[in-house]
Structure formats: C-alpha cells, structure tokens
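Which chain is which? They are A, B, C, D, E and F, in the order written, and residues in each are numbered from 1.
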Amino acid sequence: MLSTLIELQRLKNLDRTGWTLRGLPNGTESVAAHSFGVSVTAMLLADKFKAHGVSVDVEKVLRIALLHDWAEARVGDMPRTATLYFGSEARKQAEMAAFSDVVSEVDAAKGLYANLYNDYEHRSSLEARLVKAADVLDLLVQVLALERAGARGLDEFWEVAEKPEFNLEGAAEQIVRELLDSILKARSEFT
Amino acid sequence: MLSTLIELQRLKNLDRTGWTLRGLPNGTESVAAHSFGVSVTAMLLADKFKAHGVSVDVEKVLRIALLHDWAEARVGDMPRTATLYFGSEARKQAEMAAFSDVVSEVDAAKGLYANLYNDYEHRSSLEARLVKAADVLDLLVQVLALERAGARGLDEFWEVAEKPEFNLEGAAEQIVRELLDSILKARSEFT
Amino acid sequence: MLSTLIELQRLKNLDRTGWTLRGLPNGTESVAAHSFGVSVTAMLLADKFKAHGVSVDVEKVLRIALLHDWAEARVGDMPRTATLYFGSEARKQAEMAAFSDVVSEVDAAKGLYANLYNDYEHRSSLEARLVKAADVLDLLVQVLALERAGARGLDEFWEVAEKPEFNLEGAAEQIVRELLDSILKARSEFT
Amino acid sequence: MLSTLIELQRLKNLDRTGWTLRGLPNGTESVAAHSFGVSVTAMLLADKFKAHGVSVDVEKVLRIALLHDWAEARVGDMPRTATLYFGSEARKQAEMAAFSDVVSEVDAAKGLYANLYNDYEHRSSLEARLVKAADVLDLLVQVLALERAGARGLDEFWEVAEKPEFNLEGAAEQIVRELLDSILKARSEFT
Amino acid sequence: MLSTLIELQRLKNLDRTGWTLRGLPNGTESVAAHSFGVSVTAMLLADKFKAHGVSVDVEKVLRIALLHDWAEARVGDMPRTATLYFGSEARKQAEMAAFSDVVSEVDAAKGLYANLYNDYEHRSSLEARLVKAADVLDLLVQVLALERAGARGLDEFWEVAEKPEFNLEGAAEQIVRELLDSILKARSEFT
Amino acid sequence: MLSTLIELQRLKNLDRTGWTLRGLPNGTESVAAHSFGVSVTAMLLADKFKAHGVSVDVEKVLRIALLHDWAEARVGDMPRTATLYFGSEARKQAEMAAFSDVVSEVDAAKGLYANLYNDYEHRSSLEARLVKAADVLDLLVQVLALERAGARGLDEFWEVAEKPEFNLEGAAEQIVRELLDSILKARSEFT
C-alpha cells in the first residue's frame, strides 16, 4: 500500500501542462490540486442532485473523482494535442494499463478501483458522468480564477462551454448547466 | 455554489507553511494537494479496514477528508507554533466559524458539512479518527518523499511517529500502525 | 542571538498570503521583502518629514519598521479574513506573545524591542504611525507594480486609499497623502 | 514561420517531468534548457571528434540537436514509464507526426527537418548517434549538478552509465566514454 | 571539457533579469532557454536566406547562436541599464575575458570559439548579424508570448522594433523585416 | 519619491545569483530579503556593541544597511566572478553612479544617502564596517539555513569564515567573532 501512496505523492508537484504550455508559470496547478478541485465540485454537485430528487451514489462519485487521474503518475499529464497523435483509443488503453500498475500493490480493493476507472473512462454510470462534468467545471473555475488574476490567452478553454455534452438528464442536467451559466456570467463581469 | 468553489480554488496555491518556514522552496505542497493526499490515503485505509472486517462508512470518510481543511481558505495555513499563542480552543472555534462562512452559500448540504467538520474536530466517530490518521500518514509520506529528494531538517515531523495516538481499535489500529511501520522502514533504508 | 537570526531567516521565503490567496504565483513577495520595502519607505518619509520641519526620531522609525513583522516567523502571515474569526484583540495578544518569544534569546535589547513592538501595535508615537503609513504605502506600491506587470483582481487593496487613516498631522499628513496621491495617479495612467 | 517560433517558445517553460515526478521543484529544467545543453555538448563532442580525425558534419549535428525535442511542444515531455504503456513504436510514430505538424508552416526547409528528425529517431548516421550520446551526457551532467546542490533519489539515472550503448566506433566511442568516465569520477568525489 | 559543461549547466537556471526586474515571476525564462530560442530562430532564418539565394554558412550561424551568451555563466545576465554605468566597451571586454576563461579547458576548439565570439561582438560577418537579428526576434516572440499570457509593462521592449538596425542587405534584410512585421501584426491582434 | 520606491520594488524579486548559479531553485533569496537580513543582523549587533560599551550610531547603521544594495536595481546582482572581469574599482564606480541615479528623485536626503553609500563602499566608519560584518554574517546564516534544508555544494561560501577581515576592534571584533563561531558550531552539528 505504501508504494501506491508514494507513487500518487508524485501528482502533488506534477504540473498541469495546459497552463505551462500557454506560458503561465510553473507551479500554476498540480494534478493533485486539480483532483482535489474535481472531488470537491463532484461532492457539491452530488448533494445538489440529491436535494432535487436525483438518486446518486455519493461514495461512488467521490471514489471516481479521487482516482480518475492516477494514471498520470506513470504517463504524465499529456496535453490535449497529444491525443491527436496517439489516438484516443490508444491513449485510453495506455492509461488503463498504467492505472492497473499503479494499484497493483493495493490488495484490498484493486479490482474495485479498476472497475471504477473503467466506468469513468466509458462514462457508463450517472456517477461517472457527474465526475466528468465536475472535471470540466473545475477546469473552468480554474480558468476563471487565473483570468481574474490577470492571465490571458485561455480563450480556447471556454469553447467547451459553448456546446457542453454532459449527457445527464432532467434535474441533473439542469443543475450542471446552471452552474456553467453562473461561471460564464461571473466571467462576463470582468471581461 | 459558485462562490464556494471559487473560494476553495484558493487552496490550490496556498503553500503549506510547514515547508516554507523550514527553508524548502515556495510551491513545495499546496493545501489542496495535501487534501488530495489525505483523501486518497483515507480511501485506501478504509478499504483495507473493510477487508479486515472493520465496518466503516466510506462515503463519510471521503467527505470528511475532502472538507477538513476548507477553513484555511479564510484563516490560512497556520503553522503549529501559532496554536501556542492563540490557544487550541480559540483556533478550533475560529476555524469552525470560518468553515461555516465558507459553506454558507451551499444550499443543499451546508448543515451536513458543518456536522462532518464538527465530528472531525472532535474525533467523534471512527471515520473522523481514520481521516486524522490519514492526515498524519500523508504528512509522513510527503516528508519521506522530500527527504528522498534531498531535503533535510525535517526530523521534528517524525516525532509524531514515536508515540502515535490514532485512538483506533483492533484491526483498524493494527492496519494504521503497519502502514506507519512501513513508512519508517522505507525511511531507514536511505538515512 | 544566533537562534533569533535563524528564526528571522524564515521570513525570507514565507509568502505573503494576500497574493497567493488571490491566485498570484507562489514566491510573489516574501514577508522579509515586504519588511525591506516598509523600512525603505519609512526612511524616505522620515527624511522628508524632517526636511519639512517635522521632528522625528529616525532611528526609532527604522527599528520599528524592521521588527514589526517578526511575530510572523511563529504565527505565519495570517490573511486579513483570519482577524474576523480570531478577533483583532486576540490576534494582537498572540502576536505580542510570539514576538516576545522570538526575541527571548536576545540579551542586549529585548526589552527595547518589546517596547517598540508594543508602541507600533498601539500607534502610540509619531514614529509608529509613520511606519504604519509606510506599511500601507509599500503595499500599494507593490500592488501597482503587480498590476503594471499584468496582475488583476487586486481592487480591494485600493479601498484603503479611499478613506486613509494615517492619523498624522500638518506637514506629515500632507507628505503621506501626496505620496498616496502620486501612487493613485500612476495607477490611473495605465488602467 | 512565426507560428512555428511561437509554438517552440512553449518549450521554454515546459518542465522536464523526470525531475518533477521525483519531487524536485517545478522549474528545475525546461525542455528548451535541456535542448540547449544537448546542442552545446554535441558541438564540443563534434569538435573533439574532428581533432582526433573523426570526420563529422557539424552543421548536421547542431541541426539535429536543436530540433530533436520539438515534438514535445505538442505531445509534452512524456516520462519514460509512459513508453511502457504506449509502446516505443507508437510513441515514435506519434512524435514523428507531431514533429511534422510543428514544422508544417516552415516553407524553406521542412522536408530537411523531417529527414533529420527521422535520421535521429533511427540513429541512422554518425551525427544522429553523436547527438544521442550528447543527450545522455547532458542528462548526466544535469543529474551531477542537481546532486551537488543536494538533490537525492536520482540513482536510477546513473544506470544508463553502467552499460552505455553509444554505438560509435574508434576515437569517437573513446572520446564519449572518457567524458562519461570523467562525469562518474566527478560524482564519486562527493558521494 | 567536463568543467566547461558543468559551468554552462549554470545557464539553465539563471534567470533573464529583463523579466524579473519588471515584476514577472522568477523562472520566467532562463539564459539557456533564450539561447535555445535564438539558435532555433537563427536556423530557420538561415534556411530561408538560402531558399532566397542568400549564401550563408549555417554551421557558423548555429555555433555563434549557441555560444553567444556563455560569458553570462561568469558575469551574470546584466540588465541593459548596467551598460550605462560600466560603458559598453568595458562590458564587451569583460565578457570577452569571461568567455575565454569559460572555454579555457576545451582543448579542441577554444581558439575557434573565441574567434566566433569576437566575430559576434563586432558583427563582422553576415552570420554574426543574422544571429543578432535572431537574438532580437526571439526576445520579441518571448514578449509576445508573455503578453498573450497576460503580462503587461513590457512596452519598452517593442521600441527596438520601431527603428530596427539589422544591417543586413537585400533578401536577407527583407526576410528579417517580414518576420518582424508578422510579430507586430500578431501583437496588434490582441492589444 | 515614488519613482525611487517603484525602482527599489524591483529588488523584491531580483534573485541573488549566488544561489541560482549553484543550481538552487529560482526564488531562493531576493536582494530585498537579503537586505532585510543584513539590516536586522546589523541592528542586533549594534545593540550588543552598545551593551558592551562600544559607542555606535544605530541610525547610521540602519540607514547604511537598508541602502547598501540599492544600486542592484540598475546593475543587477552581479556574481563575484564578474568582479574579476570588470575590476573591483570599475565595479565600485559603476555602482556608485547607479546608486546616484536611483536616488536622484529623492529631494530631501539624496546627498546624505550618497555620503552613506560612499562611506560603506570605503568602510570609512565603524558603522560601515559593522554593516559589512552583518552582510557576511547574514550570508552565512542563509547558507546554514539552506544546508540544513538539504542544499549542498556551498562550501566556498565558508571560506570567508577562515580568515575573516572585519577590521573592528576590541569588544566589537569579539562580538562579531563570537557570532561567527556560533554559526560555525551550529553547522558542525549537522555535517
């Protein structure tokens, strides 16, 4: 179990390449800090879903959010453009294999973790789609914070907000879109 | 809900003062990265507890782990020595009040969050004690990683390992102590 | 005496949390760098006071400026919001106690230092009020420099400039306000 | 041509993941700084080759050294472990395709650049093998510098020095091995 | 030869003072990263010169580009204003002497390197003037990248673009000016 | 007066090149942070001098300590080796001229500041020599702190401690040497 913790420790100072490739300073955001942001966003969303009658397994949500980037300890934080050259299918398979190796020393629950990771990659469950929405929303809140602090040149990150594909339904979809709208509104107030 | 997310975003580049006050570079570890480490450690511990017959509410564990440092968005990451001057009771009350204000805009579950935070501060439940153990263990794995990378002058962090007070029982206590022992053993291999 | 110097050395890479909590990079300004800025500003102000006939003890001014943030070596650079939760009186008492411990190994002049610190905290003398003005002005010049370099989201720091309370008199008050006005004018030229 | 220069500009603050994944601070070495080191090392080696009668095309050497990491502007600095999961052949093809796109706007010499890149990837020429040797040697001199400054935990980088495979011949092989030996000797003096 | 490589290694984390003195974060650009940028720009320019019938010695171009800042390992990256106080002749002589000492342990080609450095300092050849143009253009592309990412206060760097003195001729001058114009045009699109 | 403050602001993130040229991270210590350390050390020394019957003008000490590095805002923090190439006399003259320009907008006391700077450069007074001693001692306490945190390769900084030339007398010399000895003793305890 220790070897897994040591390996995941690496995510604490692995830079998210989205920022450094656009000229922002090293240390802008680590993969671990992003995973924290996704997990927190997912928890708040899940609780709002429940308050509006959407049944959701919060434990599952939080598990997926916490583990969805573990493969990066072995393959790094590949920029989006990398997917063009490797192909998204090859990338998924490589990350799945890397994930399996990261958790190989975890006796208790490695099968569970692999299933959750697989679920996330295929967006098979409501919980997986919720975490994906949280992943997008945490990214946008980060961009918002960076832009408020003076960063520019990040317009392309907002393109995802034009045609969002959360693939949720009913109240869930509405809650996520309302949050997205409030992010866009907050941005419009200073640009 | 957005105002809460924006505020928690701040934890992503709030330095843990334990490192900077000891001469390590700015950016060594953010509060958000630490919270991620605690959450991951707590999940792995909880699953091992369950595998050894200890009944534990994993959802509650993950919720507590994710929110236990939110107050720092308003009071900062106070160094340990600060507690000597404010008093631990005053510090707890201030952080409880700060926590309440951080979540005040979260309609759905702010009562739940406050209860979980309160539970953690008083170590009222097994889940709270498990997260506190994860908090200590993530700190030690971070120290281990820093020392492996060449950092020195961090001996005082290891004192907690001499008389650990996890206040767990049976298999739970044993699992945590075994992990602590494996950390100490890993350290002995390069010092 | 060495133990005090070692402890004050810590201020050299303790980040001012005002910047990191607003999304600026780690390492933007250390407490030591700020203390240098305050001391330099205080010296220039004091010399201008004297040139305009205001009697001021420059040695006392410089001593206060250099030592006014020493307590942060033990309590950290608490963000402003922290004062809301601890209360300003508790914060002052804690910092006074921390300051006393920082200088406890200084045989020669620890009583003198404690008196000067106390004087500063209560703004008892002209010299203390001059240093407080320098503290505000160095902050604003730093914000000006950051904004010139592209930083944004720092508007709240300028609020202090709307109703400044320097509590000085005659030529002293006028000199400080003229400097404040020139800062505001410099800012207006690029915003 | 400008679009290519802007894209290569990104390499100036893209961190080499080998360091950050091992706990060294963000900003330890950029891909651009490494490429500079490789180019300089290659020039010095090539001139020594020539002085010892080995015929080598220095222009070709420098061209290859300067361009050998350009693909990383699109695929990032993938850690070594990533190759295990993608396969070295897939990685090579992806990087070749990324390289082609990076230089697609360069009218004058894009065919030449692609040929040189291809040559390097297949180690087809003496010049390509010389640059590969310089790539390894710059890495080791960097590790040496980091270890001298106190970094630890970098032992695995030295494994390459145990069974070096430069695939050079005669005086060329000897010159490279002598430099390698002098690096190892310099290391032995402080460990 | 190793002592030279170790010394040049220092350029990898020597900050360009032009940025830090204007309030940009430490680590914005190292001297090594800049030298990489100049070398790459020089290669692309040289190949375009050749495509337009200008005869140019590319090997010489790349050698000069790679070594033109080596003296900074001993004298640092002096800000422009420093030249006002030392005098440009004294600065040149000091850097020439520092350069000679940097390469003093390089048996094979130190005379060649000194000649190339001398050539560059006096802009004696087309190749030297081409590298100087690349030095200016890489600076402007870096400023462009920083401004796109939100940096401000860098206007003075653009003054060089108003009355450029490349001292090239015919097609060479035209190619360089076209690149300069495209940089200015790219800047006009976001300011 | 504002233009001077803005210019001195630059010292807050101008790196001391002694660290970065030896492979320590950017941001290790700014010139402003060092000036703070020197000023604080000088104040403590001066007060100890007085307690032992040595008459010293503390105001003068603090003024010199605060302003002794202002010229670096225009000439940068030149590494020691730079002096070899420029000559120490030329360096002094350049820095004196830069200093004069930095304070040229300060009406009140620019003559006084120039005299104090001149005094420091020539070590004309006890106060100047005291500040020079503080400059050396703050450097060594910084090295001590870096080494405690794991930094290595800084041995050459300790050479100054072997044949210190403080040029003080009687109790003053003894106090400074005792502090030096206590620094050396502290170092011997962990190396």
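Brief remarks follow.
The rule we apply is simple: a contact is a pair of C-beta atoms (placed from the backbone, for glycine too) under 8 Å apart; a residue touches a chain by one contact, two chains touch by 3 or more.
Bear in mind the structure is a predicted one, so any value in this text is a computation, not a measurement.
Under the contact definition, subunit A and subunit C share the contacting chains B, E. Note on connectivity: the fewest chain-to-chain touch steps from subunit C to subunit F number 1. Relative orientation of subunit B with respect to subunit F corresponds to a rotation of 120°, obtained by superposing CA atoms and rounded to a multiple of 5.
In the contact between subunit D and subunit E, the residue numbers used by both copies make up over half of all numbers at that interface. Greatest Cα centroid separation from subunit C: this falls to D. Remark: subunit D and subunit F have CA centroids separated by 41 Å (rounded to whole angstrom).
If each chain is reduced to the centroid of its CA atoms, subunit A and subunit D end up 32 Å from each other. In subunit D, the residues touching two or more other chains are 9-10, 13, 22-23, 25-28, 145, 150, 152. Across the whole structure, chains are in contact as follows: A-B, A-C, A-D, A-E, B-C, B-D, B-F, C-E, C-F, D-E, D-F, E-F.
Listing the residues of subunit B that touch subunit A in their complex gives 1-2, 4-6, 8-13, 27-30, 32-37, 39-41, 43-44, 47-48, 50-51, 58-59, 62-63, 66-67, 106-109, 112, 137-138, 141-142, 144-145, 179, 182-183, 186. On the subunit F side of its complex with subunit B, the touching residues are 25, 27-28, 145-150, 152, 190.
Note for the complex: subunit B touches subunit F at residues 22-26, 150-153.
Against subunit B, in their complex, subunit C makes its touches with residues 9-10, 13-15, 17, 20-23, 25-27, 73-79, 81-82, 84-86, 90, 93-95, 97-98.
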